[in-house]
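Order as written gives the chain letters A, B, C, D, E and F; numbering starts at 1 within each chain.
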Amino acid sequence: MARTDFGPPDFREMLPPVIKENYGQWKYHTVPRPGVLKHVSYSGAVLHSVRVASPRLVSSDFIRDISDIAEKYCDGFLRFTTRNNVEFLVSDEAKLQPLIDELDAKDYLIGGVGLSISNIVHTQGWIHCKSAVTDASGISKNIMEDLKDYFTGKIKVPSRLRIAVACCVNMCGACHCSDISIVGIHRTIPRVNDELASKICEIPTTIAACPTGAIRPNPKAKSVTINSEKCMMCGNCTAVCPAIKIMDPVNDGVSIWVGGKLSNSRKAPMFSKLAIPFIPNNPPYWPEVTDAVRHLVEVWASHAREGERMGEWIERIGWERFFKLTDLPFTNKHIDDFTHATTTFRSSTQFKF
Amino acid sequence: MDEFKTPLLDELEKGDWPSFVSEIKKAAKTSPGAADLLRQLELSYKEKVGHWKHGGIVGVRGYGGGVVGRYSDVPEEFPHVREFHTARVNQVAGFFYTAEKLRQLADVWDKYGSGLYNMHGSTGDIILLGTTTENLQPCVDELSDIGFDLGGSGGAMRTLSCCVGKARCEKACIDSTDIIRDLTMHYQDVIHRPQWPYKFKIKVSACPNDCAAASARSDLAVMGVWRDALRIDQEAVREYIAKGFKINEQVVNKCPTEALSWDAEKQELNVCTEECTRCMHCINVMPKAISIGKETGATLLIGGKVPVVKGPMIGWVLVPFMKMEPPYTELKDLVDKITDWWADNAKNRERVGELIERVGLANFLEVIGLKPVPQMVKAPRHNPYIFWNPEEVEKRG
Amino acid sequence: MSMVEINGQQIEIDEDGFIVDPAVWNEGLVSYFAKQEEVPELTEDHWKVINYLRQYFKQFGIAPMIRKLCKDTGFTLKEIYELFPSGPAKGACKLAGLPKPTGCV
Amino acid sequence: MDEFKTPLLDELEKGDWPSFVSEIKKAAKTSPGAADLLRQLELSYKEKVGHWKHGGIVGVRGYGGGVVGRYSDVPEEFPHVREFHTARVNQVAGFFYTAEKLRQLADVWDKYGSGLYNMHGSTGDIILLGTTTENLQPCVDELSDIGFDLGGSGGAMRTLSCCVGKARCEKACIDSTDIIRDLTMHYQDVIHRPQWPYKFKIKVSACPNDCAAASARSDLAVMGVWRDALRIDQEAVREYIAKGFKINEQVVNKCPTEALSWDAEKQELNVCTEECTRCMHCINVMPKAISIGKETGATLLIGGKVPVVKGPMIGWVLVPFMKMEPPYTELKDLVDKITDWWADNAKNRERVGELIERVGLANFLEVIGLKPVPQMVKAPRHNPYIFWNPEEVEKRG
Amino acid sequence: MARTDFGPPDFREMLPPVIKENYGQWKYHTVPRPGVLKHVSYSGAVLHSVRVASPRLVSSDFIRDISDIAEKYCDGFLRFTTRNNVEFLVSDEAKLQPLIDELDAKDYLIGGVGLSISNIVHTQGWIHCKSAVTDASGISKNIMEDLKDYFTGKIKVPSRLRIAVACCVNMCGACHCSDISIVGIHRTIPRVNDELASKICEIPTTIAACPTGAIRPNPKAKSVTINSEKCMMCGNCTAVCPAIKIMDPVNDGVSIWVGGKLSNSRKAPMFSKLAIPFIPNNPPYWPEVTDAVRHLVEVWASHAREGERMGEWIERIGWERFFKLTDLPFTNKHIDDFTHATTTFRSSTQFKF
Amino acid sequence: MSMVEINGQQIEIDEDGFIVDPAVWNEGLVSYFAKQEEVPELTEDHWKVINYLRQYFKQFGIAPMIRKLCKDTGFTLKEIYELFPSGPAKGACKLAGLPKPTGCV
């Protein structure tokens, strides 16, 4: 039997000496140039971190290449960020510019720090998930291609803006709290293969999986039936019962959500809210999605105050103004009808015309 | 490589943003799996539908999870992705690596798998993307030789992750990487052997900026805070002012609790500690002048999760303040109490937040032995449906 | 899906090696699956678990949650892994001919 | 009066605040019902429990409601409250009366009832408090002679009520008393003959100050608003300033939308009309200087109610703006559409707000033919459970 | 058959000439002295309204007395307010002071205007409602007796404060949106008289009446049973089924709620939230209730900013501070457990210690 | 509650004049209640409503909502009030021997 339960390598062994020595002693940081963080310790020690974009889905070549670079300029030390960027940890300030030069030469994009749009947090998509309604990698590549100047700092934004892409409502990318998120959705109800279901469906589990109680047992067929009036096409039943299929290339696509955030800075964390209910899958460019995201970014950037996250801005101006400024249609889809729907209705005459 | 064409995907090699297609192509040079992955993906792009089958229960000896099984639904066309499982490899806390370690990893993975990775998965793992059932066990065995263990999947404690914390951040109130390291080691069994009704995630952000996105993505979010006064370096404040920094506009007026005031005469920034809710704004905007307090610890939030089934949740305050000192016994005890209760009471696939919603937060507090405090709620109830225990009232006259 | 012959019977199994139609399960198939799941020898303890799983599934239409399995059979999870090295979901359920679990066990 | 003692209640005759006990005693001088009411109430004060029985279905010819039946559960002790029904008499819109009218009312009620009143009930009625089954019909007959009709009860449109409005208030955007008067006359049948699953209430406040408490207490709240600019009399503003009024502190900084700005140089208060959400604050604080706009109408809110069964609700915006001109046809048409749909679809005792919650606001809008607009919500949905009609999508490929 | 469906008297016949002439023409108002409103029309016309407290439950003597006064000073014109005060409508300014003098002489309390605590909106109580858990009139009298200086304007408050009292959770007084409200509640579950229920209980209606689904049919007894784990003692079942009783003089009492409002002024309307879960019925003075209300008023009045309603003040300072300042215990009762409970939980590290 | 004698039968009625035990209802009682509710003469139309109400109550355990009553019997509400001047709830239900309505009819 193989060795088990020994856990990951100890992070302490992965830290450059300057971090070990100044662990917990950092005093402040500055951003000497876009994409570069300079952390200064109470001891006076300095650490530069150079952040570069990563496609997240990488090859061994990529791993080896960044390893080479790290070795050359960082004594072999590097890290990844929680948004999947790579950070080169430079202890020796003299090596900073050479590093940047090499990164530039190798077409790494430096950025994602401070007032910028950082990398997209995204999920598997058609690359590897059986539930994927769309391809997260493809959409993310297109959006970031379009917004790269916001990443590199060429164009400034009023505050950080976080984008997430999830290929289905399971939202492995935690789209529910991003400034902008793109979520794959279905628009037709699942089909039940009764024959198969009678063999392998754990019926009680399947019934319990439905958020809206749309699934009822079908004892005759030893299967289940789906109430088309109640089904909201979430696909959760298909996750627990292989005999239920929901994929529909004609009608599947993505929705766009805005105004979420997680930091407690100024306002408490907020959920993202529905902006665009549906855009069809249009690979390889998903141009409507890219356009919509750019449009949202631009409207926000040109109206928000300094430091104002998307959600803070919308809360200040009101959703009616948001829909006006973005020229997006407000539809019956935008009105919540799930459990806490009534808490989202407006109980006040305070609104803008 | 030249026996197949991927015109749609090739489009995504263009431009400056790094391309995942190029990455797959690089791997495809030596990995037939990567090559077939690209072909199958091209098919998906053409047909606008995924080509993975439902299910996949594969694994390695002694573990109940850590691997996500995957089978192509067009295996005849793309035989090298007939089986294309991913291994979730527990990342290093804080995502720190040495070049050496990464190269070792690449060597093993090139041997047994597709040579493709997610660095990292949303939960935090290194995702080794695509191998066969056969190769799984030897791959994991060799990973163990270089010190990498699997992470979690299924009804288990999931791989824990955190923000960079004290290693590089001046705002860190708690030692996020150490906490994650410690908990990960402590919980190896429940990480590797699913024994719960559903997943349970823990993430640590060392301050309320929540760079680990903990409060939305973990059943238990540990967030660094402090409870004394934030520290103001008046000298540094004056330097900001001298450089034209608009302190009233950018800081004082944006403080959500009106805790700050700028004494223009004395050239002093004052904080009313009682009012400050540690929103981080002033600290974020004036990192050189304002810093976190000294009496640090964590706020614990419970119940964060995504929509399925009962709708999305952002974790709710469970413990306003807990000291965080190794070996984090108080935290572990609480985690054990929570997961025990949850495991005993949850339905299949019911997250802890959903169970709390079902039974009531107050009831939950009682079973795990926490006192209700107003910090737990945005506001008290507004409906009059108050439950009284028979023990709380007198016997009916 | 593919067909395997076990004791002269043609049995359809899926990619993960689970039988596709739990109805065709019979005790004779168990030793075949045991081999797949690296269970060296079928002891009384194995059968205790297998029979429990089948009984539970018959009654409730789902596999039991793992805590329940442990509580009801009296085995610790460690013991279950000793009996079935690939664990209760992949190992024990496969031997017991249950539909492929989707979350519990 | 002297044959009984009410020591507990007598305590409540003390002090300066007008005493209901004294009122009951006054009535008791001539009304045995009032006297027994007081005695029974004293018993309640002693025993801490009410003494009225469940139920009471009494009424008058041709009407299905307007009377609340009441029977004592200790009729042997207090025979004069054995039957003690109340009549809900429709008040005059705006609660305006002449002394003459009130005296006529008192004369009838002294003849047939207890001589006790609620001026007024929470819904708006004059409550004539306590009479016998026998006296009901003649009482109502004589009330009709002096021009008083019954109000609503049961599954009916309930007596409508409103704020004082244009009769005496400078803020009135709509003619609340006229609307109530008009609707009351128009809806006599559904007020008097319960034919709905439960109560349906309409209240009108002529501006967003909501002095009729409409949005919390009526299934349909009609609230006066305007949609052009509020009007500022700069001369009057300057007078305020001259008297030491702190315009920035008291008005500008308190405007929730930052719509106001004080130009200290020009001594001018400016409003950005697009931003103003008509919260009334500035108008309330500077009544001499700021007043409502000219393009007036109403915002309609649907679903207000108290906790039972599904929890309390404050009305939700249904129509952001509707012109309010007699004969209020658009409003009546909408009321009819709503009540028809509700009556056809509600369960027994299900308020319209609860039904809308059950079927979804968007579905409700569709059946009554209103377009969804963002003004209806505080925010769009945050869960991804979007329903699509088969007609909205293409046939599956 | 009697005349039916003729409706109430036309309000137009009840208006003094000055109102008829200036209907819709009012320009502004002032408050020349506590309890008195002076409305000025664009025409220059002036109307004085003198507001006096009423116990709401009044006798014919009271009706005749105010009629007499109205005739003497107001040409017979008067009105009631939506909070049950009486307003004398004075067209002839010369009669204003004499009116006030007579009102003073007769011990009418003048007040309730502007920055004051106006009359309590309350309900029937033991006086007339079968559902009453407490006596609304008694509690109201005691509170207003205690707070009368706030009514008459002797003591000023930061802003209006509205109090409501309801004798059961039906909240006929609409307590759900008052600055302070007192609501009668039960603390023991109802008892079902099976024998009677089998005769007269409309079982489906009774089951549907329960907010928490605590009622199940009991087919054996042709009755219903109540699940004591789920029952929240609301009493709604007793409203539809006479065979179910909930009154319990030993354990019934009142709860106190704070921070509700209805005007759209500054903040949108808000619900009242639980402050004190239970105070026993203690007639005739309910001293604990009166004390609690005064305490709430005083803490608010001494901490709120000018113009800040109770709920606005609490929102600004936070509930944790509210409980600290008022020294009220925060208990498991305060934590919501009804349908939208999770929307009331705090998803943020933003709080005060 | 009090007892009244109707056709020689002792019937318990409540304060509102409804029979306490709907089970004792029989057609013979109807004319007594008709008098109470000022229904001058019992016509076929009256019986149509009464029978409908009893049938509905038997089936569903509750009184029908008024719209349903009108729809199913074909009478307008006005006609119901003409038949039963005290209305469907107080009048018709009382004659039909239903438990005292608590909201609907």
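We take it that a residue touches a chain if its C-beta (ideal position, glycine included) is under 8 Å from a C-beta of that chain, and two chains touch if they have at least 3 such contacts.
Fair warning: this is a prediction, and the values are worked out from it, not measured in the lab.
> Tell me which chains count as touching both subunit A and subunit D.
Where subunit A and subunit D share a partner, that partner set is B, E.
> Using just the Cα atoms, superpose subunit A onto subunit E and tell me the rotation angle to the nearest 5°.
Fitting subunit A to subunit E on C-alpha atoms yields 180 degrees.
> Does D-F or A-B have more contacting C-beta pairs?
A-B
> At what distance in angstrom does the C-alpha mean of subunit F lie from that of subunit E?
Inter-chain centre distance comes to 39 Å.
> Report, in whole Å, the distance between the mean C-alpha point of subunit C and the mean C-alpha point of subunit D.
Using C-alpha averages as centres, the distance is 66 Å.
> Per the centroid of Cα atoms for each chain, what is the distance between subunit B and subunit C, given in Å?
Here subunit B and subunit C have centroids separated by 33 Å.
> Go ahead and note the Å separation of the Cα centroids belonging to subunit D and subunit E.
Taking the mean C-alpha position of each chain, the two centres sit 13 Å apart.
> Would you give the residues of subunit F that are in contact with at least 2 other chains, written as numbers and ranges?
62, 85, 100-104
> Pull out every residue in subunit E that's touching 2 or more other chains.
Residues 1, 169, 171, 176, 205, 211, 234, 240, 242, 249, 264, 269, 271, 338-340, 342, 346-350.
> Check each residue of subunit B and list the ones that touch at least two other chains.
53, 55-56, 60-63, 189, 208, 215, 256, 278-279, 307, 311-312, 314, 348-349, 382-385
> Which pairs of chains touch one another in this structure?
Inter-chain contacts occur between A-B, A-C, A-D, A-E, B-C, B-D, B-E, D-E, D-F, E-F.
> Can you list the residues on subunit D that touch subunit B in the complex?
Interface residues on the subunit D side: 307, 311-312, 382-385.
> Spell out the part of subunit E that touches subunit F in their complex, as residue ranges.
These residues of subunit E touch subunit F: 1, 199-205, 239-242.
> Which of the residues in subunit D end up touching subunit F in this complex?
53, 55-64, 69, 71, 83, 154-155, 189, 193-198, 343-344, 348-349
> Note which residues of subunit E are touching subunit D in the complex, please.
So the residues of subunit E in touch with subunit D come to 1-11, 13-15, 19, 23-24, 26-30, 39, 47, 49, 53-64, 66-68, 70-71, 76-82, 84, 86, 89, 107-109, 121, 123, 125-133, 135, 137-138, 141-142, 144-145, 148, 169-177, 205, 208-211, 234, 236, 238, 240, 242, 247, 249, 252, 262-267, 269, 271, 281, 283-285, 306-307, 338-340.
> Could you please specify the touching residues of subunit E with respect to subunit B in the complex?
169, 171, 176, 183, 185, 187-188, 211-212, 228, 231-234, 248-251, 255, 257, 259, 271-275, 277, 318-320, 322-323, 330-338, 341-342, 344-353
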